[in-house]
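What follows is a short report on a single structure.
As written, the chains take the letters A, B, C and D, and residue 1 is the first residue of each chain.
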Amino acid sequence: MLGLGLPFAVIASTTLKRGALMSALCCACALVGFFLARLLGRHVSDTLRVLLVSLGAVCAVGGIVQSGVFSRVLIDGLGAYVPLAAANMILVSIAVDRQEQPFSAALRGVCFSCIGFTLAMCLLSVIRELLSLHTIWDRPVQFSAVPISGAALPCFGFILLGFFAAFGRTLGRAHLRILIRRTLRAKREEKEEGIG
Amino acid sequence: MRETGYKGILLEQNKEPLLSRGIRELERLPVQEAFFSEERPDPAQLNASRLQNIAYEAQIIDESDGVQLWKKLAKASRDGALAIVVDALDDEPYISSQLCIALWMDDELEDAITIVKDALGIERAVVEIYRNLTDIDIRIPSKIGNYRVRRVGGTYPAELRVRKNESKLLIIGACALIHLYRAVTRCRIQTTAFVSVAGDCIANPANYEIPLDCTVAQVLSASGLIAPPKRIVTGGSMTGIGVTDPTSVRVRPATRGILAFAEQFDDLGFSCIGCGRCVDVCPQGLSPYFVHKLLRAHRRGTARRAAEGCNCCGACSYVCPAKLDLSHRIYEVAADGRRGGEET
Amino acid sequence: MNDLSAVFSALAAGIILQNVVLARAFFSEDPNRFSRTYRGTLRLGLITAAVAVLATVFAVALRQLFAQALLWAPARWAAYFCCVAVSFLLLRPLFARLLNGRHGVSDKGLLYAAFNGAVYGIVLLSMANYTSPLLAIVYALGCSIGLTAAQLLIHAGSERISLSAVPRPFAGLPILLIYIGILSLAIYGLVGHQLPT
Amino acid sequence: MILNPQSPPHIRTRETNATLMGDTIISLLPLYAMATYFYGGRALLLGLTGLLTALISDMACTMIAGRVPNLRDFSAAVTGLILPLLMPASIRYSIVIVAVIFAIVVAKQPFGGVGENIFNPAAAGMAFAIVCWPAEVFTYPAPFEKIPIKLAADTAIRTATSPAQALALGGLPNQTPLDLLMGNVPGPMGTTNILVLLTCLLYLTVRRTVHGRATLAFLAGGAAVAVLFPRAGGLAALYELMSGMLLFAAIYMLNDPVTSPKRSAPMLLYSAMTGVLSIMFRHLGRYEESVIFALLVMNSTVWLLDLWGERVARRERRKAHGAQTDPGLPQETGVHVGDPEE
């Protein structure tokens, strides 16, 4: 659930297509930034590293957009949010903050962050698209309730994200509780066996 | 717009059945008199040190602040007090023993004031009595003997508002003056306290003269209970102390009242809705709401600063519609802050 | 007169619309981590504004110079980004003197606050929305003021939230997101413009 | 006999939260009566829908949070009753339900429930409804139009232009001010009866549930803008103040104890600013009614205003009895609640 607080992505991802595009761009940027940061290593100061990593990510996004992997219409619809997906502090911190770890562990961390982020964005954009337009991936869906046009607004995205985060936290805590209980029981049984 | 203007609350005084009769004695708790000397001094010949001596011998304690009377007299003669203020304010509901003395024992009170005045050589004397809109039918004289009565109106708490520069005033409670009068004229030691016994459990609410050291339970049973009390209070209804075991709490010289209520405050489970009434009434211009919020978030440091100056009058707790225990907690924090301030 | 009103409307649009509606104001998971006092927040906001305006000036200059160049369209994002980076580096010594160590603002906090997606977004939007150089700069100024105001409001909100008994799953980021959501709903309703996306 | 320990004071007012909220509910009843008089039983049914939704969702949220629902707490009922009054009588039930759920589940309970919410729940719910379904929310039936309880797709309801809409279109309403006073105009079903509203305000002020002066400051702020920048000549300012949900919001939502400043000076500033904003954005904004949004925006500044009030009070307190205060603490630190030293 890392990287949930990404306002630009939230604002832009009103439909599943856009959400997927945004998360793809963000993931690409995070990976590019990560490799760049690794490459730079300890040779430059912290500030400069952040600047260079962001610049690299922006260039990468520019390249991806120019390469024509994604449809032009979609990119233009997102407008200014495309470069913003590359240059924001959360992606940079995902990329830069793993300097101390060994390479493989750091890469795994970055990948998990990206996957979590993509999942969250997709879930968010599916719900918003379903509520506001009654479509998923531009295909109409039979849905009896009234369309809530406000779901396309950024504010709704934030609120939804807030509830997601709370829900995620509850799940995480429940999981933790189960783990703790299991460990405790295992310990107790061990002790009893020892006594027996 | 001023944010710290004096506000306070207008309280239903509930003094009526107590004030329509004079000070009485309980039949089952007779007063035992005791004397410290056989020879009676001549009231006209008293000087300051002799008066202090008498007050010391008679073990008189001022009921308005719990200080020994001789110390107050000594301080006044040392500082050269300008005026005597007889404290008969009684701004808390139910409590009326000082007022009762001012109304029913006015001759003795007048003589007592004269004695103190002559002995210390103080020019002026005034009797302060509190009254507000809710008890207009109590007739308060404009003079007690030769001494002017100053009527203090307005809201509770009145004490703070009228006492601006205490250092040049000699403030004596009316009950202590009566005890002093008895000591001077009959060499009597203070063996009693004037206590208002009231509340909705009491059969005969009145101001009683009660021997010291009897327990609250004795007083209550002697004055007659019409219902088993759920809450018993010694002291004023706003600032008094709740009694948990009435058989172990005893009447002290500074005990002003014993109140017994049949009704228990239930915890209604309300939380603060921020109505701001506590802010409206706080006489010190504090914001109990703010302090409450800070305290609940465990920010004691900031709360201490926000609570400084609390005098625990209880007005905020009184008005709180959520029935939160504000004044107690805020006073605690403020006292904490004062201690911290002294240390540094 | 017309120009003046255009300038003012650009300023107002910048202040209100582009910031709080889009909630550009929070650019990290915890705005509180940059500064813990109102004065510090205000100062950081001013710094952000300075960087944004200076970067817009550079960007406008770049656009005037190279708008006809062949590679301008694909390279413009990177170019604008360089503007932000350069203006941040230029102004950094000044900021460091202004609040280093004080108001609980660390060096990293300064970096994250003065150089971030919000500033970059301001530059991008003012470039995209206005062709006139003056209007673009004024718009950036408006955006920065709005950003500072929004930061203050969000700081106040998070402080107020920290004093109330928020249910545990919501404590911290989720409740702040909901707060920002409702706030941006309110401002959106107040201004009521169609959202540029 | 051992009694429970009690801390002073030992007497309390009879008033409780329930009394406060109950007063508000009582004063809402005449508005429902008037709405029923104008639009028939559907108005009552809408109110009932709102009330039930609010109570059920509030209770559900409280239980999910692991607390015991307090049956004496009427605040959810107030929210549920206020919201339908802001809507036209011909609104669909589902919109009322969604708005109430938004109010309780998003704007109130996540912040901690009663007394902790930053935004007025009713205002938030209404804002959501306006943003999502502006057409439905701002289409008003003509007064005395009997609206069937259940709306079919082909039910034709005679609609009319409300004074606020007329003003938004740049003209003057074709009703006389007397009509507006009596409530005989199209509009949100509970907010058109100016006379009844003023009576409710009087009742609530006498019961000290609301501060009448805050409402007055609101109206003064609004009137100032309306007079300085009239949208349509002569009586426009008067119409501005009497149209739409302005007065209703100024009584029931502005004075919401939870979300308004506590001291009097910040309260007056808050009210006046809300008035100014709501009239100003009637002119500039997209919707004909902006008081709801103005209120929400101002709600977010309440904490700043409160801090400012505390700071002023503290300075005055120190001036008044300077000797009692301890000199060891710098004055400035009193304001920053989030001091790092904590």
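The rule is short, and it goes like this: a residue touches a chain if its C-beta (ideal position, glycine included) is under 8 Å from a C-beta of that chain, and two chains touch if they have at least 3 such contacts.
Computed from a predicted structure; not experimentally measured.
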Worksheet item: In terms of C-beta pairs in contact, which of A-C and A-D ranks higher?
Response: A-C
Fill in: Chain whose Cα centroid lies at the greatest distance from that of subunit D
B
Practice prompt. Averaged over CA atoms, how far is the centre of subunit A from the centre of subunit C? Could you give it in whole Å?
Written response: 22
Discussion item. Report the inter-centroid distance (CA atoms only) between subunit A and subunit D in whole Å.
Written reply: 38
Fill in: Approximate Å spacing (C-alpha centroids) for the pair subunit A, subunit B
67
Response to the item:
Note: subunit C sits from subunit B at a C-alpha centroid distance in Å of 61
Fill in: In subunit A, residues with contacts to at least two other chains
150, 153, 159, 162-163, 166
Fill in: Where subunit B touches two or more other chains, by residue
294, 299
Discussion item. Where in subunit D do residues touch at least two different other chains?
Written reply: 106, 110, 113, 116, 128, 131, 337, 339
Response to the item:
Full set of chain pairs in contact is A-C, A-D, B-C, B-D, C-D
Worksheet entry | Contact footprint of subunit C on subunit B as seen in their complex | 293-294, 296-297, 299
Worksheet, complete the sentence: Per the touch rule, the subunit C residues reaching subunit B in their complex are 162-165
Fill in: subunit C to subunit D touching residues, read off their complex
32, 36-38, 104, 152-153, 156-157, 159-167, 170, 174-175, 178-179, 181-183, 185-193
Worksheet item: Can you list the residues on subunit D that touch subunit B in the complex?
Response: 1-13, 15-20, 68, 70, 72-73, 75, 113-116, 208, 257-265, 267-268, 306, 309-310, 312-314, 316-317, 320-321, 324-326, 328-329, 333-334, 337, 339, 341-342
Worksheet entry | subunit A contact footprint on subunit C (complex, rising order) | 21-24, 26-29, 74-75, 77-78, 80-82, 85, 88-89, 92, 108, 111-112, 115-117, 120-121, 124-125, 128, 167, 169-170, 173-178, 180-185, 188, 195-197
